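Common to both upcoming complexes is subunit A, partnered first by subunit B, then by subunit C.
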Partner chain A sequence: MFLHNLKYELLCNLRAPALIAWLMIFPIFLGIVFRIGFGSIYENNDLFGAIPTAVVETEKDEIFGRVIDSVSGEGSPLLIVTYADNDKALDMLKNGEVKGIIYSGGKVTLTVAGKGIQETMLKAFVEQYGVYETIIRDALEHDPAKAPKVIEALSSDIKACTEIPMTQGNPDPYAQYFYNLIAMVAIFGSVTGLHITENNQANMSPLGAKKNCSPTPKSISLIASLTGSFIAQAVCMLICVTFIVFVLKVDFGGRLPLVYAAAVTGGIMGVTMGFFIGSIGRLSNEFKNGIAMTVSMVGCFLSGLMVGSMKAVIAEKLPWFNNVNPVAIISDCFYCLNLYSDYDRFNFKMISMLVYIVVFTALGIILSRRKKYASI
Partner chain B sequence: MQVFNAFFKVLRSKLGIVLIYMIVFVALVVVMTFTDTASGMFEQERLSICVFDEDCTPESAALREFIGKRNDLRELENDNDTIIDALYYGRVDYVLTIGKGYSAKLAAGDTDGLFESKRMHDSYSTVYMGQTLNEYASTVSAYIAAGNDISAAVSKAGDAMLKDAEVTTISFDNSSGGALSLRSSFFFRFLVYVLISLTMSTLCPVLLAMNRKDVRYRTDCSGIRPNSYTLQLFAGSIIYIFLTWIVLMAVGVFMNGGMFEGMQLIAVLNSFIFMVFSALLTILLSSFSPSINVINIITQVISIGMCFTCGVFVEQSFLGESVLAAARFMPAYWYMRVNRMLDGSETYDGSLITQALLIETAFVIAVGAVTILIRRIKLSDTSALIAGRVRA
Partner chain C sequence: MKNTVVKIDNLVKRYGELVALDHFSLEISEGEIFGLLGPNGSGKTTTINCLLSLLSFDKGNIEIFGKKMAPTSYDIKKDIGVIMQNVAVFDELTVYENIDYFCGLYISDKELRKQYVDEAVSFVGLEDFLKFRPKKLSGGLLRRLNIACGIAHKPKLIILDEPTVAVDPQSRNRILEGIEELNRNGATVIYTSHYMEEVEQICTRIAIMDKGRKIAEGTKDELKSMIRNTETVNIELIGLTDDIKAKIAELPHVYSTEYDGTKLTVCCSGGKHNLIRILGVLQENDLGFGRVYSELPTLNDVFLEITGKALRDDADSAKKAAPHEKANKKENFR
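This part shows the complex of A and B:
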């Protein structure tokens, strides 16, 4: 009986595929939008690249010229230098071809057109040149015998800071939009879940009325519907992750099977959430749909789908909330798999999802059981 | 006016869900505005830096103080997960550990490996702070080489490195600041998302009820002409959306701290045109009579997709040329151009603002015309079907 019901549940999804099709199309469409939109932001704005700078020599300054050569030469240069006259340099600054103009000869000064980290780095470079110049001049004036040691200290190549990379995963902060997109598809499984109660309650749909007249026990019919929806949603999640990982080439780190597992579990949680909402009271389908959409949308917003910094703000102001927001839990799974080397937090998030699945299913069953309909 | 009256009768029956959406979206626009206003006030050249001092000497304290003068010092738990979260989400730009024995090594002239920095990738802040720390260490060494003791060298190095260079900032922008305050600017920016989502989520259930087959067949049997039916539906929808827009503008006035005036009224007009566009787009989509679930998903695709490509959720200046070229075919792009000129992000250009508003209006006319055409085809199809059935 269970298999018979399951078969027809799956056939229903296949024969009225509008919802399932849209659940598959929308992450593909939004994924493409995200990929095109964020494709180059990380490389262009976040990763360090040598700063394009114009140098205007009002007088010939050999020492400064050598310093400029040392920071713009081979290897990992700090600056990409273009020597120009004042008018050309100003034109370049206006057109955004350079971030600043360094005037050498006499006192070294800087002209910029904006305020950002690249301009700050240029300012620091000019200031440091001034500091070194002052220290050497002071040494020569006060104690010329020590001047060679001072110059040696200033010119020696030092590496005061040892850098420790915190992750082997993908550090692109824009990847979080893809995590949230998958989480959104998963939580939209609630729409599929709503159908379960709609199709099993006699007062909600003709199919529900027909099912209630049939001799099939309600529990079997419900479990078959739930299983069918789980399967349909799992397929949506598998397609969504596959498209994002293999077509859009978003790097989720090296633990792809667990990414699939988290996505499918998230999708099942979404379905059970819909099942629970659908079982509440005698509200109309439209109203329940509105509640499911509102909960999903607010969850997505608070997880950072629309404003990327939102999850960090929540983590700072209401740290517990990211552990109860279903969307944040799903997206955190991908985040943990990508960035953390251990599984502690990932396991916690997976367990949270499983707890939600059990609680939503149990509440859904409790709320929808023993509903009898009078003969009219 | 029967269709018009029926529209509001159906709307009244769905008031509960309309109110839920209204409250949620008003709350969303307020939270979005406040969240992004807070991040907009961040001074770019001041980095957020977390310093763990394992040396705990006067010299390490002096370095911490030196860093804090030009940056914002943030406290974090010294735990890898917390540090990864903070770096990934940009709560801190740099995490520095002053190693044990820092002071002794520096006094001995050993400048290598004094610090550890934890990083996610080679960012500008990592390179900038790395340079600054190298320069600090070599400046202190130079002062020691010049005959100063460690505490004097540290003090002199800090003073010398905090002297500002002569920096001239020139502006190529002819605008004299924005007409919109920072908060109003963010409000009008996120209004795009709210207008589309709210309109589609609340208007669609009403229109779908009006478009239900049995209701439509019954209407087709009546003496109302298809064009009159569509125009009454347009009028009802636009009046309803106008009322929700008034509510949103009231929230905007609250955000602005007073009534909109002068150039700010252009932003109000801009949002009005976009509101009409959203209403017509909703009527167009509901003409195809999809299920409410499908409408909900289409709403997300259109609203989120348009907002990401047109520079609502991510600044237009960050988006690539190809993305912006494609976005020109969407009204939200022109809406954002007007908004950016009004808040001072772009040079103010009166003719460009007029052009953008006209393009938005052209989108409204185009969507309106397509909607009328599709509804005529659909209504004439059903009329033909009914006529065929009657003849049979």
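This part shows the complex of A and C:
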């Protein structure tokens, strides 16, 4: 009986238009939109690679020369410097061979042709140098012996601003949109969960009534429905993560099996949430669907799916909320896996999801276990 | 004496102030096609839902196959087939898969199930639609699928709750013939409807319900014998005077006459040769007439005489008077 129920539950789920639309087509479409939208600023190399820069020396500036040497030397240089005269430098800028021209001698100035991240970084470098130059000149005037150390210290400071490797993962701030996208797919599993109640409660649908007339115990029918929905949702999650990681080439760090595990667990949590909502009282199917969608979309919004900074705002204003918002919990799992070397926070989030799964399932079963109905 | 298959004793079901079933009792014997006839909102579906242990009730007792019916009476449920008023099938499954699914809730053996499903498909004539999804089927075919899903496991008791609603006449006849065939094959059938013609056509015994009460029970002949009307004579004619109408009204066995300017309707209770006597009065008064026909009483006449209202005329008002049923009859959602 159980396997028979499970087989058809799976067939129904995998053929359900709503499931295919919301859990497969929509996230793939949204993922492509995100990828196209963030594409030009996404690549790590573009963001943190050395910036090709032309330097035009109108007159010799020893201090600036030493700073330039320190930021374009061995290791992870900030700049790839080409010394040139003004005409050649302008040609290089025009041809895209360099991102900007720094004029030294007197006041250090910058000419750029675009408004990208690298141009912004050059601007920050020049502005920062302007500030530090005063300190260096002051040191030269008052204690020339210490000047080399001051220059070295400040130069390395400028260099440190370019890249601070806190983690081996992908520090791209736009990756959080993809975390939230997967979390959204997981929480949309609530739509699948709603159908479990609808199809098994005699007072919710003719199908539920018909099932309740059969000699198959309700517990078997419910467990088969839950299992079938879990499997269908897990398939959707695996497809979604695979598409984002391998087709859209979004870097989720090196712990992919755990990313899949978190996504599947999140999906199961979404299904149980829908099961719980579906089991509440005698509200109409449409109303329950509305509740599930509202909870999902509000959760996504507060987790930063629509506005990237929202999660940080919540973390600052209502820090506890990110620990109870199911969407934030799921997306946090990916964040932790990508950026943290230890598993403490990831484990906490996974346990939170498991607690949700147990609580939602238990409440759903308790609310569904009535044997007779007051009205149908 | 045949075994009692269903015994409902003194059933009371209330929805707040509204009494949906008012001390309702019933006994159905093995091999019967038992009709529950009544307007919408009379309590037919509530009775069925209580019978199937889907609904709780305030008072009374229900036994099926001699055992008390409860939600966990799986040994009883395995011998019951249910065809709900609303089509209950999965839109995502094909015709064959739907029948196999519902049959599988009752029959575990795969070989036997396959045989039963094939027989059910053949029984309802859906062989050419096995791979169709329900949304591709017409209303009549969908009803047939609904029936196949309910009877595939060869139940001993089949409950059909208004299975012909919104079905074209051709499909309706096929469904009714199918029900009679199921009965010939040994199944006891409970059939609810507000279509008196259907109930008259197939049911061996009938209970008429109104406002949650059983107002009459018996075979169709027994029910018709309960009322005064035995024959209604209709004569199309022009120029009938009040004097002649009064003469007809004074004839033996005539208890009611109506004339609308073109048609005379005379209701008779018992007696023979009523038509000849009425035509004799017209001939004596030199009145010509057109079409003449005589009607035997119907179950609608029975209902009309007992309740003072017609079965069909009452359908809409009854629906309004029973908001609990109206509100709770949901369409298939997937």
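Note that in this section the second predicted complex is superposed on the first by the 241 of 376 C-alpha atoms of A that agree within 3 Å, B and C clash if a C-alpha of one lies under 4 Å from a C-alpha of the other, contacts with A are read in each partner's own complex, and residues count from 1 in each chain.
Following the convention adopted for this analysis, a residue touches a chain if its C-beta (ideal position, glycine included) is under 8 Å from a C-beta of that chain, and two chains touch if they have at least 3 such contacts.
Just so you know, these numbers come straight off a predicted model, no measurement behind them.
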item	value
Residues of subunit A touched, compared between subunit B and subunit C (which is higher)	B
Which superposed partner A:F29 touches (first subunit B, second subunit C, both, neither)	first
Touched partner set for A:K107, first subunit B, second subunit C, both or neither	first
Contacts of A:L78 with subunit B and subunit C, given as first, second, both or neither	first
Touching partner for A:H4 - first (subunit B), second (subunit C), both, neither	second
Touched partner set for A:V245, first subunit B, second subunit C, both or neither	neither
Partner chain in contact with A:N212 - subunit B first, subunit C second, else both or neither	second
Partner chain(s) touched by A:A202 [first = subunit B, second = subunit C, both, neither]	second
Contacts of A:F38 with subunit B and subunit C, given as first, second, both or neither	first
Subunit C-contacting residues of subunit A that also contact subunit B	285
In the complex, subunit A residues that touch subunit C	1, 4-5, 8, 11-13, 15-16, 195, 198-199, 202-207, 209-217, 285, 371-376
Subunit B-facing residues of subunit A, complex	18-19, 22-23, 25-26, 29-30, 33-34, 36-41, 45-48, 78, 90, 93-94, 107-121, 123-128, 130-132, 134-135, 138-139, 142-143, 146, 149-150, 152-154, 156, 158-167, 171, 173, 176, 184, 188, 191, 194, 285-287, 289-291, 293-294, 297-298, 301, 305-313, 315-316, 335, 339-340, 345
Touch list for subunit B against partner subunit A, complex	14, 16-17, 20-21, 24, 28, 31-32, 35-36, 39, 43-45, 47, 80-81, 83-85, 87-91, 96, 109, 111-139, 141-147, 160-161, 163-172, 193, 197, 201, 205, 290-294, 296-298, 300-301, 304-305, 307-309, 313-314, 318-320, 322-323, 326
In the complex, subunit C residues that touch subunit A	15, 49, 52-56, 70-72, 74-75, 77-78, 80, 82, 84-90, 92-93, 97, 101-102, 104-106, 108, 149-150, 324, 328, 330, 332-334
